[in-house]
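Chain lettering (A, B and C) follows the sequence in which the chains are written, and residue indices restart at 1 in each chain.
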Amino acid sequence: MITRSETKIKVKSFNKATLVIRMTLLVLVLVTLLGFFTFDYKGIHVFDGIVLTGQTFLTMFLEPHFSHFTFVELISKLFITIGLAILTTMLGAAISLFLALVAARNLASKTTSNIRGIIAVIRAVPTVLWVLIFAVAAGLGSVAAVIGMSFHSIGYLVKAYSESFEEMDDGVIEALKASGATWWQIVFQAVLPSSMTYLLSWTFLRFEINFTVAVAMGAAAGAGGIGYDMFMASVFYYDLREVGIITYFMLLFAILLEVFATRLKRKLRLNA
Amino acid sequence: MKALLEVRRVSKKYGNGSTALSDVSFSIQEGEFVSIIGPSGAGKSTLLRCINRMIEVSSGEVVFQNVNVTKLGKKQLKQVRRTIGMIFQHYNLVNRLSVIENVLHGRLGYKSTLAGMLGLYNEEEKKKAVEILAMLGLQDQIYKRADQLSGGQKQRVGIARALVQEPKLLLCDEPIASLDPNASKTIMDYLKTISTTLGITVLVNLHQVDVALKYSDRIIGVNKGRIIYDGVPREMTSDMIHNIYGSETGDLLFDLGGENAG
Amino acid sequence: MLGNFFLRKRMNFLAYFGLLIIIAFVAGVITEYDPVKGFTSIPKAIVWGFTNFYPNVESFEKLPDILQKIRETLLVSVAATVTGGAFAFLFAIFGAHTTRFNVFLGVISRGIAIVFRNIDFSAWAMILLFSFGQNVMTGYFALFFGSFGFLTRAFMETIDEVSGGPVEALKATGAGYFSIVFKSVVPSTMPQMISWVLFAIETNIRQATLVGILTGTGIGFAFDLYYKSLNYHAASLVVVVIVIAILLIEWLSNYVRRVIL
């Protein structure tokens, strides 16, 4: 109390942040409570459900088996999912690279800077909706999946890339401009080499995300791959143990990706 | 001798209403070594950048080699810029590229957009770059990455990048402000050599008055966006320096010494 | 030497570029992706979108229903993130290098976090269908597990990044474990952690749409219903409502971030 009155001025500017932190926490807790009180539980007993979930976990992870799909089938489906993720990431990265150059504040002319607003809207639409919307025009399958998934990838990567470009030293751009270089020359000779490590790690991070998105699209939008098999095993065959084995497949690959990403990041950081 | 550069009644006002330069006029002869001194925020950097139009002037004109730079279109401006080399306080190198690639960036203004994008330089250009690097004592650093160099070495790469442009004029913006005294001397010596042996005109912003006195043929003193001194170093008095820096007599850290004393 | 340097650089570039092309080609073959169809489908989709996919007057009759669903989705997302975040905080304290008190416990909590964040929301939804069926709790727990895994990693990294120095300082004064955690770790990491929680809420609303399609709840269910009954006007209204909700949440959390960070 005493210290507070002594350093009143200092505390005041500090208080706004503290106030907002407390308000945010309060609002979040209240919304959570409101949620729990108003959910339509449809007479389900949550506690029983949790116990059941525990049993579900034990069954699926301890007694996994193949029944409708073989090992080879699942591996090939896993590769289809990986392929979807690769195509989406590449397509997204190529388009984003161009858009990000136009959107970055230190490179853009004023007329193109409203691209950020459009990108924010594109990013706000959930991926699954993009895929389903494209499926109407292109039919369910890899085309709708890749194009639809690319939208959100682009929304994400344009933001990440343009922020990487903005982090670069403006002096370098100035130096090349002063020697009479054109915009494209500056981009290729200074901007891209300087931000290459950031671009690579963002792109790989997006690939990790796109893998899980591709799984989800298989399940929710019939895009094929291992996600679709999981959907079938769960919703159609109702085979918990097979869901378990598919989960293992995805988990292994996802962890492999994560380990690789961590290594890549460390290596890039050494190189940066 | 003819005037290489003429700055006529140049003013610069920024959008927020502040005035960086007001009614600045001077001319520079070919081969001269001219220093611009003045306190921080006096408008030295703005003045330098108005010459190659990295900053647009608000009024007045800049005439370089009998061409009015302020009136040029985009393409001609690029042609003028490639004959004016620029050197920066923070070197402004692409850290992740090799020394020679950084030097060759000075040739971009001479290349087609596509060739420049892909970094397609011809053998002559590469040879030229190597020669210049050797002249600046960097022959062992050619393939090193720019971020592996010391500050003084980086600045020499910056100089090499400017020289490979085959410039008529070198604009140096605080070239030694981030360097230790040893490296500073090396850089200033190189700039002086470039001016005397290659005949390239050098215009340099400095805030070390003693360095300016020692190396320049002529000194321009700037305060609050106005030129308040323009003459040879020998005639510079300590009163004048106090005027330029707006300081009280006797506050300065160094001695004018020798011929300028009293 | 000089020629070699530039030649090697160019060969390197070409090699990487070629490798990428090959990977893309292989990926295209195994997924049976047709690039021509891919490119032609974009204009087709745009034309279709402008002629069919916009809210019309009748679709606004569904608006009260849609708003009810988005409210449920928002509540589920926040509730799952907040409860997931609370658990994540505990696990992060156990698992972070600066604050763990037992190496074994630390390794265990890190391991659990790895497993949880590498099973996707959609997978959680399909697993949880077995115990909760088509119920709001399926969605809630799917989002809960997903954000728990994500936030545990984020919190651990924040703790290790931010509070290494302060923790050492308090340890040096001889402070006990709990006073270190509550007097040093919590205050110094709180802004970062809130920022992560807000980020997780943003992602969860998008994920909730997906989970909703799988579990038949919330806004995802509304979209799926209209989409499958070919009522594209109403479906597009759902999209508009989702976009507005997400942009609103993003705007709010950006405001909070600006003040607290």
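The rule is short, and it goes like this: a residue touches a chain if its C-beta (ideal position, glycine included) is under 8 Å from a C-beta of that chain, and two chains touch if they have at least 3 such contacts.
Predicted model only: the values in this text are computed from it and were never measured.
Undergrad: Just to be sure I understand the contacts, which chains border both chain C and chain A?
TA: B
Undergrad: Could you name the chain whose Cα mean is nearest to the mean of all protein Cα atoms here?
TA: Most central by this criterion: A.
Undergrad: By CA centroid distance, what chain is farthest from chain C?
TA: Measuring from the centre of chain C, the most distant chain centre belongs to B.
Undergrad: With chain centres defined as C-alpha means, what is the inter-centre distance between chain A and chain C in Å?
TA: 6
Undergrad: Measuring from the mean C-alpha position of chain B to the mean C-alpha position of chain C, what distance in angstrom results?
TA: 51
Undergrad: Averaged over CA atoms, how far is the centre of chain A from the centre of chain B? Could you give it in whole Å?
TA: Centre separation, chain A to chain B: 47 Å.
Undergrad: Two or more other chains in contact with one residue: find those residues in chain B.
TA: Residues 119.
Undergrad: Where on chain A does chain C make contact in their complex?
TA: Interface residues on the chain A side: 16-17, 20-21, 24-25, 28-29, 31-32, 34-36, 38-42, 44, 46, 49-50, 52-53, 55-57, 60, 76, 79-80, 82-84, 86-87, 90, 120-121, 124-129, 132-134, 136-138, 141-144, 146-147, 212, 215-216, 219-220, 224-225, 227, 230-231, 234-235, 238, 240, 243, 247, 250-251, 254-255, 258.
Undergrad: What part of chain B is in contact with chain C in the complex they form?
TA: 98, 100, 119, 121, 123, 126-127, 130, 143
Undergrad: Please give the residue numbers of chain B that touch chain A in the complex, ascending.
TA: Residue positions touching the partner: 52, 54, 78-82, 84-86, 88, 90-97, 101, 105-106, 108-111, 113, 116-119, 158, 161-162, 165, 171.
Undergrad: Using the touch rule from the top, collect the residues of chain C that touch chain B in their complex.
TA: 2-3, 5-6
Undergrad: Show me the residue ranges of chain C that touch chain A in the complex, using the header's touch definition.
TA: It is residues 20, 23-24, 26-28, 30-34, 37-38, 41-42, 44-45, 48-49, 52-53, 72, 75-76, 78-79, 81-83, 114-115, 118-123, 126-133, 135-137, 140-141, 190-191, 194, 197-198, 206-207, 209-210, 213-214, 220, 223, 227, 232, 239, 242-243, 246-247, 250, 256, 259-260 of chain C that touch chain A.
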